[in-house]
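Per-chain numbering from 1; labels A, B, C and D assigned in written order.
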Amino acid sequence: MDFGLFGARRRDEERKGHYEMGTAVVEPGIESRVHYLNASYGIKSWLLTTDHKRIAMLYLASITFFFFIGGAAAVLMRLNLISPQGALLEPATYNKLFSMHGIIMVFFFLIPSIPAVLGNFLVPLMIGARDLAFPRLNLLSWYVFMVGGLFTLYAVIAGGVDTGWTFYTPLSTTYANTQVISAALGVFIAGFSSILTGLNFVVTIHKMRAPGLTWFRLPLFLWAIYATSIIQILGTPVLAITLTLVALERVFHVGVFDPAVGGDPILFQHLFWFYSHPAVYIMILPSMGVISELVTAFSKKRIFGYSFIAFSSVAIAVISFLVWGHHMFVAGQSIYAGIVFSVLSFLVAIPSAVKVFNWTATLYKGSVSYQAPMLYALGFIGLFTMGGLTGLFLATLAVDAHVHGTYFVVGHFHYIMVGGAVMGYLGGIHYWWPKISGRMYPDGWARLSAAIIFIGFNLTFFPQYMLGYLGMPRRYAVYAPEFQVLNVMSSAGASILGVGYLIPLVYMVWSMRYGPVAGPNPWGAKGLEWQTPSPPPTENFEETPKVTEEAYAYGTEETQVA
Amino acid sequence: MVGHIVHKKLYFLVFAGLIGLTALTTGVAFIDLGKWNTLAALAIAVCKASLVVLFFMHLRWSSGLMRMALLAAFVWFAILVALTLSDEFTRQWTPVPSSWEAQVQQQAR
Amino acid sequence: MHSSAALAEQFDDLEQQHESSSFGMWVFLATEVMFFGGLFTAYIIYRNFYLSAFEAGSRLLDVKIGAANTAVLLCSSLTMALGVRAAQLGKKKLLITFLVLTLLLGLAFIGIKLGLEWRHDYLEGFAPGVNWTFHGPDSRHLELFFCFYFFLTGIHALHMVIGAGILTVLIIMAGRGRFSPQRYNPVEVSGLYWHFVDIVWIFLYPLLYLIGGRY
Amino acid sequence: MWQGFPIRPEQASTIARGVDHLYYFLTAVDLFFTALIFLTIFYLAIKYRRRSAETKATQVEGNLPLEVIWTIIPLGICAVTFLWGSSLFIRNSRPPEAATEIFVVGKQWMWKLQHPEGPMEINELHVPVRRPIKLTMTSEDVIHNFYVPAFRVQKDVVPGMYTSIWFEATRTGRYHFFCNQYCGTNHAVMGGYVIVMSPDDYEQWLSGGIRGESMVSAGAKLYEQLACITCHGTGKGPPFVNLFSSQVKLTDGTTVTADEAYIRESILYPSAKIVAGYQPLMPTYKGQVTEEQILQLLAYIKSLSSGGAGQPGKPTSYPPSLEGGRQGAGNQTVGGQQSPATVPVPKGP
């Protein structure tokens, strides 16, 4: 395959290919027009594409696959926890399941979710560019991601890994008898995909904005993606070197975390959390960006406090690197470091609070409508508020000394990562789906699934806060009988939540073929991505748009409603 | 034409400087300066790295973006080191009840 | 090459393309700083914990080889910089000459490091986990030092190997006339990478070889 | 209240109530802000719903005083919580001087707990009520965590170093303890019970229990068996009397505190730190002594460091809180009088 230097030649071939085919099923408005989905056909045209929109679709398919794998593990775990003795699994199997659940959900679903799918699709569209700065690097990122995924899946098939997603030493380096190396290698490789994606976004946002699109006219989604990219670029390499050291120690039976040569297992935790705490902001920041788009679009109103939301994203990205020690308050870390990390952890709560208040205030005097994406957005704000506030408990030294490592922590981070990040991701998918596919999904079903997810989520994870304060440790395959009632409640909620996630899968797939045609701007929303046809043509815009107004300039003119 | 073109002479000058500093740092290592040995070695290394970055890597003629990337790298590296050390070097400072200190002092006497 | 052929589709002009590719590489180098940074952090901590063992370990390394390799690598940086200059000026033959020289110097570095130094350390029994036969005072902290020595120089050498691969590709591309004064970004960004690897060694040399009290 | 549906574990230690109060405070803050956000959203969402396609929004771009207010107020709440939480944590982390020291070794997947008087327990810990207990803990393999929810304490148990927690139980009963750091296959069953007994019952348990040797006398035996005495008792090696928690000068000119970690390292890796004025003659005892034996030796060495309270090999007497010097430069003043800070001593049987 001969690539042009930046994939330019390939693009011409794709277009030519279409004109030769020319006999697609004609449906008004979509199939009669050339767009990125029908510009060329065949598996090769997808696997060798450099079009950011197609790469976004590749990611969408891949991470949906990983989401349901990780979800299946969660279902088995919740089933097992119905009974204190463990309803159906051996402890060893259970341990492998939660490790797999963590590794896959964190590194192969949450971290790539919004950046790699919506970010890839939207960053060039939102800044009025033809593509990302490095389209071939972008395709490479997807391949790197898939190779990482294959290593991880290999680890799962070849006997699993039972260290938890945290790979704590010396369990991972010396005592675990499972596929630690291939799992660590899978995460290491996927990390490079994350770095390259972030790099691509940073360069693109800096260098490729349309004329007139100044930094303070950028949609807030891009501020969030930019902040996320900073974390991906500067945090991920530290995880990479740390996992390398773990793998080397496992291979050579001696290494820098090995207590036998004076190594410090707690140092591993420092290096690990230096990335892995900011990593939770890789998951939540893009969701926050999505929510900023949704609340404005569905209240037909400018965002309240644009610059505060924009700067709070950057502030979160920076401060998130200063707080990792709160994972180690009782790990044998010094008390003095604990105090420093505690105060810094409280600081990171402030920009998040500012965002929540500004979103709420955006509704004020708006013209609020309740299509499915808005329901997801409001659900996000509620769940994120509850998740964020329980973070204060964990930043508080004296309380953390009790709830650390318990289900309280499990509840907290699921509120942020599932209630927050996944709600935001689903909201974003629903919002931009007409742009992505050119078609609408059934709004009634979508609202129903949003409601089911919200209810199922709370039923699943609220009891876990209570379990945590009662003292039930996490990662337990069997547990003391006094914890059973709440565990059964949690498992019951999980079954509702599972249904909630399956419904969108069904109607989204359905809508790709049977959904009504959406038109370029079904929500009457502002933003460059709505000024091009749905689905967009391969080159995104007929001609480079010129930007003359602020972001979310609602109320300046009559907006078109489909 | 894009990018800044540097005169050949400058490259050779920088190279000579780098070799000279290598000789210097090697030489200094054989003189006992106490803790200053480490400091001198690191200071010379920083000088050498700066020469490479400014001239060979053209940072001197590059836009603010490149400088920003470099600056970010060092700020974040500093965060990593500083906060990790804040634990590692204070772990022995366990709080000691006041009477222990009295006891230790007594033993010292 | 005509300038429109030198411009990729997604860019508006050559200046934008040039800035983007350089900035992309600088951002990547920032990740590299953090990658080595994790290892350096660990080194700083343990060196302070086990100072005497680390100093003793440092004295066991051959400073002559270290100095020679530093010189080799600095030379390769010079030839790389001159290579980029040749590409900027559109001098194809000169470009290829400098790229080949850089590659050879890089291979020489790897040869000295792996073939001479590592082999020597291995035979002496200073290879933790593989051949560790040292039983003198404070052997285990010395072993930790040698872990760092091998990991740091090993990961650095791996970067050199990757760099050598990139240089090979560049030489082939240069031979096919793929570069012009308008479009030499691949040469330039590879140069940035090569200089960065050089800088890592500029720090490794004193940290591993010199600050152990050789007087 | 809440008998069938508890919201917190039992408050069975002196610190539990303080932690719970902070928890309630945070819960109140949490509920207030959750209610605030939820109600505001409901109110605004209903009041400003789009009644018809023509409903127009009124554009409001922001409000600086409001932004300042909702930055400052959370900041203030965070500051209060931080100060409260940190001061409580520091107080809770500091063991009282009179605490009885119990040694804990975690290994995959069991807990070994050794009383100073001798009895060794597995996955069970008997303690008397109203007496501060300090656990000095280490691990033989991976990282574990000793967690007693009813006492609101936990700490990781890390191989290669000592960590400690302390508690003072306030009511008798059986309280679950857990391993709370994932440690491999049987992590979930690596737990047991702390059995808090009245002083009388505890005394009875002690006398009826598997009364092994006391830690100190076991250590003293090891001192002879392992031939430590041939050097450390003759001046070839540094003597142990008053060694513990003293400042030791090393050959390289630096000074270290002779704490648990230092002594452990000196036993396992003698050449790591050489005391000034001595030759590096000592062989390593790595592989020859278990973690428990190291703890016994440690207890013995500690017993030599309290102004002559412990004679080498002298069996310890009960109760330990009267004895002094058990945990290093301990709870004893010069004249052998009890320090004022000690807790009420239980009546003997």
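Convention: contacts are C-beta pairs under 8 Å (C-beta built on N, C-alpha and C of every residue); 3 or more make two chains touch, one makes a residue touch a chain.
Computed from a predicted structure; not experimentally measured.
Between B-C and A-D, more contacting C-beta pairs join the chains of A-D.
Put simply, the chain nearest the middle, going by average C-alpha positions, is A. One inter-chain figure worth recording: subunit B and subunit C are separated by 18 Å, centre to centre, where each centre is the mean of the chain's CA atoms.
Per-chain Cα centroids separate subunit B from subunit D by 38 Å. Subunit A and subunit C have Cα centroids separated by 34 Å.
Multi-chain contact residues of subunit C (touching two or more other chains): 19, 23, 27, 30, 34, 37-38, 41, 45, 49-50, 140-141. Counting partners per residue, subunit A has 206, 234, 238, 260, 262-264, 266-267, 271, 274, 332, 335 as the residues that reach two or more other chains. Each of residues 90, 93, 269, 272 in subunit D touches at least two other chains.
Within the complex, the subunit B residues that touch subunit A are 65, 72-73, 76, 79-80, 83-84, 86-88, 90-95. Those residues of subunit C lying in contact with subunit B across their complex are 14-15, 18-19, 22-23, 26-27, 29-30, 33-34, 37-38, 40-41, 44-45, 48-49, 63, 67, 70-71, 74-75, 77-78, 80-82, 85, 88-89, 181-182, 184, 188, 191-192, 195-196, 198-199, 202-203, 205-207, 209-211, 213-215.
Across the interface of their complex, subunit C is touched by residues 4-8, 11, 124, 129-135, 137, 195, 199-200, 202-203, 206-208, 233-238, 240-242, 244-245, 248, 251-256, 260-264, 267, 271, 274, 539, 544 of subunit A. Residues of subunit D that touch subunit A in their complex: 5-9, 18-19, 22-23, 26, 29-30, 33-34, 37-38, 40-41, 44-45, 48-50, 53, 55-63, 66-67, 70-71, 74-75, 78-79, 81-82, 84-86, 88-90, 92-93, 108, 141-143, 145, 147, 149-150, 152-156, 158-161, 163, 176, 178-189, 269, 272. Residues 1-3, 5-6, 8, 11-12, 14-15, 18-19, 22, 25-26, 28-32, 37-38, 41-42, 44-45, 48-49, 52-53, 55-57, 62-63, 65-66, 69-70, 72-74, 76-77, 80-81, 84-85, 88-89 of subunit B are the ones that touch subunit C when the two sit in their complex.
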